[in-house]
Amino acid sequence: MSVATLLNRLAGVLAGFVPVLLAGAAALAADKPAIDHGDTAWMLASTALVLMMTIPGVALFYGGMVRKMNVLATVMQSFAITCLVSVLWMVIGYTLAFTEGSPVIGGLTRVFMRGLDLTTTSSLAPTIPETVYAIYQMTFAIITCALICGAVADRMRFSALLLFISFWLILVYVPIAHWVWGGGFLGAAGVLDFAGGTVVHINAGVAGLVAALVLGKRRGYKVENLAPHNLVLSVVGASLLWVGWFGFNAGSAVAADGRAGMAMAVTQIATAAAALAWMFSEWMVQSKPSVLGIISGAVAGLVAITPASGFVAPGGALVIGLVAGVLCFWASTSLKNALGYDDSLDAFGVHGIGGIVGALLTGVFAVAAFSVSADSPEGTAGLLEGNPRQVLTQLIGIGVTVVYTGVVSLILLKIVDAILGLRVDQETEREGLDLRLHGETVH
Amino acid sequence: MKMIMAIIKPFKLDEVREALTTLGIQGLTVSEVKGFGRQKGQTEIYRGAEYSVSFLPKVKIEVVVTDDLAESVIEGIQKAANTGRIGDGKIFMIDISAAVRIRTGETNADAL
Amino acid sequence: MSVATLLNRLAGVLAGFVPVLLAGAAALAADKPAIDHGDTAWMLASTALVLMMTIPGVALFYGGMVRKMNVLATVMQSFAITCLVSVLWMVIGYTLAFTEGSPVIGGLTRVFMRGLDLTTTSSLAPTIPETVYAIYQMTFAIITCALICGAVADRMRFSALLLFISFWLILVYVPIAHWVWGGGFLGAAGVLDFAGGTVVHINAGVAGLVAALVLGKRRGYKVENLAPHNLVLSVVGASLLWVGWFGFNAGSAVAADGRAGMAMAVTQIATAAAALAWMFSEWMVQSKPSVLGIISGAVAGLVAITPASGFVAPGGALVIGLVAGVLCFWASTSLKNALGYDDSLDAFGVHGIGGIVGALLTGVFAVAAFSVSADSPEGTAGLLEGNPRQVLTQLIGIGVTVVYTGVVSLILLKIVDAILGLRVDQETEREGLDLRLHGETVH
Amino acid sequence: MSVATLLNRLAGVLAGFVPVLLAGAAALAADKPAIDHGDTAWMLASTALVLMMTIPGVALFYGGMVRKMNVLATVMQSFAITCLVSVLWMVIGYTLAFTEGSPVIGGLTRVFMRGLDLTTTSSLAPTIPETVYAIYQMTFAIITCALICGAVADRMRFSALLLFISFWLILVYVPIAHWVWGGGFLGAAGVLDFAGGTVVHINAGVAGLVAALVLGKRRGYKVENLAPHNLVLSVVGASLLWVGWFGFNAGSAVAADGRAGMAMAVTQIATAAAALAWMFSEWMVQSKPSVLGIISGAVAGLVAITPASGFVAPGGALVIGLVAGVLCFWASTSLKNALGYDDSLDAFGVHGIGGIVGALLTGVFAVAAFSVSADSPEGTAGLLEGNPRQVLTQLIGIGVTVVYTGVVSLILLKIVDAILGLRVDQETEREGLDLRLHGETVH
Amino acid sequence: MKMIMAIIKPFKLDEVREALTTLGIQGLTVSEVKGFGRQKGQTEIYRGAEYSVSFLPKVKIEVVVTDDLAESVIEGIQKAANTGRIGDGKIFMIDISAAVRIRTGETNADAL
Amino acid sequence: MKMIMAIIKPFKLDEVREALTTLGIQGLTVSEVKGFGRQKGQTEIYRGAEYSVSFLPKVKIEVVVTDDLAESVIEGIQKAANTGRIGDGKIFMIDISAAVRIRTGETNADAL
């Protein structure tokens, strides 16, 4: 080693020491981690982006796929869930999911979001205000609940939906979020879920499937024309989902750093690949590339890359996208018809299947270098980097989630059915939910 | 020839079309209409302004047939469109004194 | 006090001194405050978000509520106002509102936005480029003017609207913005208005009410069916308003810091609470929860939390939201009918009333700790923290604004009526503004 | 000079030295430029904004202007191009455009975006992760391709479009982007194009014109009613284009700094001015101000300010906007009719002409102080600052682009025509592309 | 029975419906149509392409009544829909040779 | 008087209207309808659910003329709307027993 190199290194070490010293001193001075304005800027923007995914994103994506007489009722579901979940999250959801507690559930220190001031931070997001972290996570809870509506479109009572979602948020979403992200046992077991493949998509997809089965098929299913009334709305919805998903995935880095950048890059690549995969599959099988197909494929890609973003590289993303596009196409067309359930807008076919594909392939393509941190100095490798056990770990995460959400959702649906009745009456289903439930129509 | 004009509930359209197809009818024309009748609509209230929605969505079918078919067409529609509930709709019969197929210039029965 | 603690404190003080020294030195070096890239990132994004509130936000929110024959004319109003106000703001509005002048009006140093280069900052926003601050404030001027259109929908001449808005911007909006935010007498008097409850919403709401009264009722009011033609558009508009409002309220911190985070959190909570309050009120009173209701409630909540965001905590926000939801529901249904004016889309019922509710309750729930700054080392407390005078101060702010905008708007309307005529002719109102004013139709 | 001043200066110099030292040391320590979280936050947000310009921006802007039977096919074009270009960009486009190579084309080091990790940066954007830069540039490639569709609306085969765009991206867009921005010969020659007046708009506009000529006129042109079916969609599209354009222009500073702020300010001013200019021109010439007119004017202004943003001051922006509004109005109405080509949605009239106006006027209004950098310590002045040669340089940039894209686009179209056929058959054009090409309809 | 078919200005619909209700009419069917007539439309110009909008939005009412009511129905519509301005519309009378109520199968006068 | 009711392909509307104008027709009424006929629609498939789109968009023209004009109107429409391809549509003729112009109260031939 030459003297120059040596000096260079030495200078590096010394220089490296200066900021450490300053930072250390600052930490002493303030007795808490400093808020980074760059990180905060990105997380404020991300929160806006994720909110936009539900309203108007999911509202339009779903609203365009139903018959005209149900379009207002469908967008109403997303909008009302946004409001309801926001309040419940503020009251009790956030504290149970994201404050210190047991491996099973969080604590009660933030009931009604009390105790927050302008400088509070959470240990889960040390460089941004805790207010931002709490609202950012709120938008995840919102969209998860809104996604379920796709499975029950055209036939569920509005009051029953609100009651079900209230229970479901607290009893299903909150615990699972805690298990994976809030210091719970799944996170501790090494389950990788960067932005919510398990917590959000498998969870919502399976709950939707159960709800579709409990509610039964739509009147006229396979007999009458139930074609989407205006796919332009759905295209707008899918587009805003895509755009907003940058906040979802890159925002899950909780910083405006290289990991956020990588998460955004793989999101874009997987989404595009899945959309093309669905489009070309359909083009081959059904002779025409449909608009509903390509946007469904895009959403499938977004779903599948969600757990993997932040862990995989562009090449892995390309494969994840292609696989998700083909499998979700198959699930939403062949599998659904073969099994005969009526998941109206394919909440399970896209989010359930897409989430499972993504969660598994995260275990395959994870790049250890991307998840290096103080706590985990070597990062978590996937199968391709020689760690086949990660696939197993992912399977455990999937399994626990599927069983828990499946069973509890079923129980909750039965309870709500007993209290209010889940399904609208025949006249309402025939004349449209818009007029009967909300007293309004699109003219 | 007769034109049978039927006002039916929208979700019955596919059933009616099939019923007519089994009778050998090869063409018909459909429009979206709004019906006012014994079946009362809901009240829509927008920010305190009430509008009684006296008009409900219906579908109008117009089908021109030779005189001999008219009776069975009316019967077919009546059966297929019936739900037994108020608002099921009406069927009217109108005389048609000429018919032309635009593509070929064929007229009357040949045109249908 | 143990020696350790003592040393600890000492270290803290010393360490705290280092950045101060550096910052001081840097300030000396550059002879002006440094631009913070994190703050700038958030303010650039906020500007985009607030612009989105008007186009397409307000455009769609209002456009969906009119009859089909007037939808293009309605969205045209928002779009044209965006363009008109942008140019007028650049020419004269910004300088009169936000540069140093008297307590009544600003100066002329920034006419045509001259004198700005890449490093210029404003003393009102020292950590971001002045260009960003000027355009951010431009988007506030735009939306305030656009909101007025809700009151005059379906019957105002397009040319008259443009002329009225030109006058109104310069003679009403600009002075009030200066009074409250630009160094004018209301701000000096201690009126709290974080993001524009007074400057934007009360101002626009009252101007709208006056305009509705001067114009008179729509032809066919209470006789013909004037029902909204497509509430899906309004849902999209309300959703984008909500999303964009993060830029409006959290952006008003003019930094990506803890205050921005708190402003975002309370915005989300109050909005959701108001939407639910309106929905459940309507459900009880009119037996159905309508889509128009819940989105109106959300906007009412956004309006009411606007002056309070940055001053109140989550608990206060919840109450503000609930109160605003109920009161604006009452104002837009019962009060309007009782008084008999035709404020077509409830610019006053939602923005005027919501703004007053919010401005008052800011005086009740303000948390002193949130407004601590170099100029105000103790912050401003509200009634609940033992400062009943703040409510009075708020009342003064409301009173001055209501009287000023009411009187001047009336005079301006009369002048424009004399020059151009305010109202379209009967044929135009019957056959639709789209075709008659703009030569276009939605097919 | 007083002693105080002297000391002051000295302190400044010394203080200025501290961060330099630290930064230098840090650079030594890390051996690469540091990622700035503020800049990264803004570039992540900008990427989302530019993606939103295409989906749903361009999709809706164009979708609202066609007949109802073609609306799905039109939005499908934007959506499918987004997916296709994303994948091709990841595979080969990015590396050829933006990595080091010759003055004519880039290298192959980033094929399949390989070699990126969480800390990689590009020399073209040293303060943000290279992943972000690559995806940000991807969104530019996407929208450029999507803009071309305006010229061929209502009559091009979907399969032919996909094939043509695939070729065109690699053989036309990628080289031109490299020439101007990626280290190629046009950038080296001093051509100013801040955000893509040449690379994006002239390029797409001319390619569109060529495609319109090769395809021939729409059936029924000038005979049947080809009026836009729903301009509300187009207003939403134009609005989202405007909002997203902040990411396009201010994002092209690749930093959240004063230059980004200035770029945003001039964008807003020029856009508003152009919209008003088009509106008033039309009002005078055709007696009514149309909605299509004002939104077209806004887009014309956005296009024209694109190359100039980052180089010009507010005053220059106002003039650029006014000129672009009038000239694009003239091009899209009189010129098009005079020359008799059928550029369905005026891709050339708005983007081609607007881009040329903007590129030229950049050479007139460029302020040298805004482009000062380490490489160019004096910046680049425009004609008004006494540098008439810059106008010539701009002309060269325009000329090279027009000729290259014109010739290569023509060749590519002929090749695709030979392989697949460019135009749909008569029945498809009569009954609508939605049903025939995609098997779907808007009900 | 007669079918009275009226083409009226859209904003007159509520008034006409009320006029008919006072005459004892219990049902009618409405469609949105476009009318071409003496009343001239505007010219729409989109980016230099002119389309003369020869078609204006109108509403078509179809109501079937017994012969004795026909006269007063026509009169009622004419009064209620009249504004005295060009484009007010037309009323036509058509013979109906049969009517059926789908719900009950009742026919002719009973079906109305 | 006769009502000529024609179902045509949508893009033929302008040509037909011009043809009728040259015959001196001063008014007509148009509606958007969906037609079922020999011309077969496409199949729409949405996520695995197939809907055969048996209904194709058509335009319905209703024009009331004096008896002497009826023949030439039918002929005019038939020529203008003809493309020679399946799905060109039909023309039907219906008797009209009365006509009123709402604006003036003029009746029958004067009302047209």
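Chains: A, B, C, D, E and F, in written order; residue numbering restarts at 1 for each.
Methods note: a contact is a pair of C-beta atoms (placed from the backbone, for glycine too) under 8 Å apart; a residue touches a chain by one contact, two chains touch by 3 or more.
In this text the structure is predicted, and so the values were computed from the model without any measurement.
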**Other chains in touch with both subunit D and subunit F** = A, E
**Request:** Please give the intersection of the contact partners of subunit D with those of subunit E.
**Result:** C, F
**Message:** Which of these, A-B, B-C or D-E, gives back the D-F interface, meaning over half of its contact pairs coincide by residue number?
**Reply:** A-B
**Request:** Please work out the Cα centroid separation of subunit B and subunit E, and write it as a whole number of Å.
**Result:** 17
**Fill in**
Cα centre of subunit C to Cα centre of subunit E, whole Å, reads 47
**Prompt:** Roughly how many whole angstrom separate the Cα centroids of subunit A and subunit C?
**Reply:** 32
**Request:** Would you mind listing the residues of subunit A that make contact with two or more other chains?
**Result:** 36-39, 41-42, 45, 225, 227-228, 236, 256, 286, 288, 290, 292, 439-440
**Complete:** Touching at least 2 other chains, the residues of subunit E are 31, 44-46, 85, 94-95
**Asked** Pairs of chains that touch, anyone?
**Response** A-B, A-C, A-D, A-F, B-C, B-E, B-F, C-D, C-E, D-E, D-F, E-F
**Asked** Touching subunit F in the complex: which residues of subunit A?
**Response** 65, 222, 225-228, 286, 288, 290, 292-293, 296, 332-334, 336-337, 346, 349
**Request:** Sort out for me which residues of subunit B touch subunit E in the complex.
**Result:** 2, 6-8, 31-38, 54-55, 58, 60, 74, 77-78, 81-95
**Item:** Contact set on subunit F toward subunit A in their complex
**Value:** 44-49, 51
**Item:** Residues of subunit C touching subunit A in the complex
**Value:** 8, 11-16, 18-19, 36-39, 41-42, 45, 49, 68, 227-232, 235-236, 238-240, 242-244, 246-247, 250, 255-262, 264-265, 268-269, 271-273, 275-276, 279, 286, 288-292, 294-295, 298, 313-315, 318, 369-370
**Request:** Mind listing the subunit D positions that touch subunit A in their complex?
**Result:** 22, 24-26, 28-29, 31, 35-42, 44-45, 47-48, 51-52, 55-56, 59-60, 63, 71-72, 75-76, 79-80, 82-84, 86-87, 90, 112-114, 116-120, 128-132, 134-135, 138, 158, 233, 236, 256, 437-440, 442-443
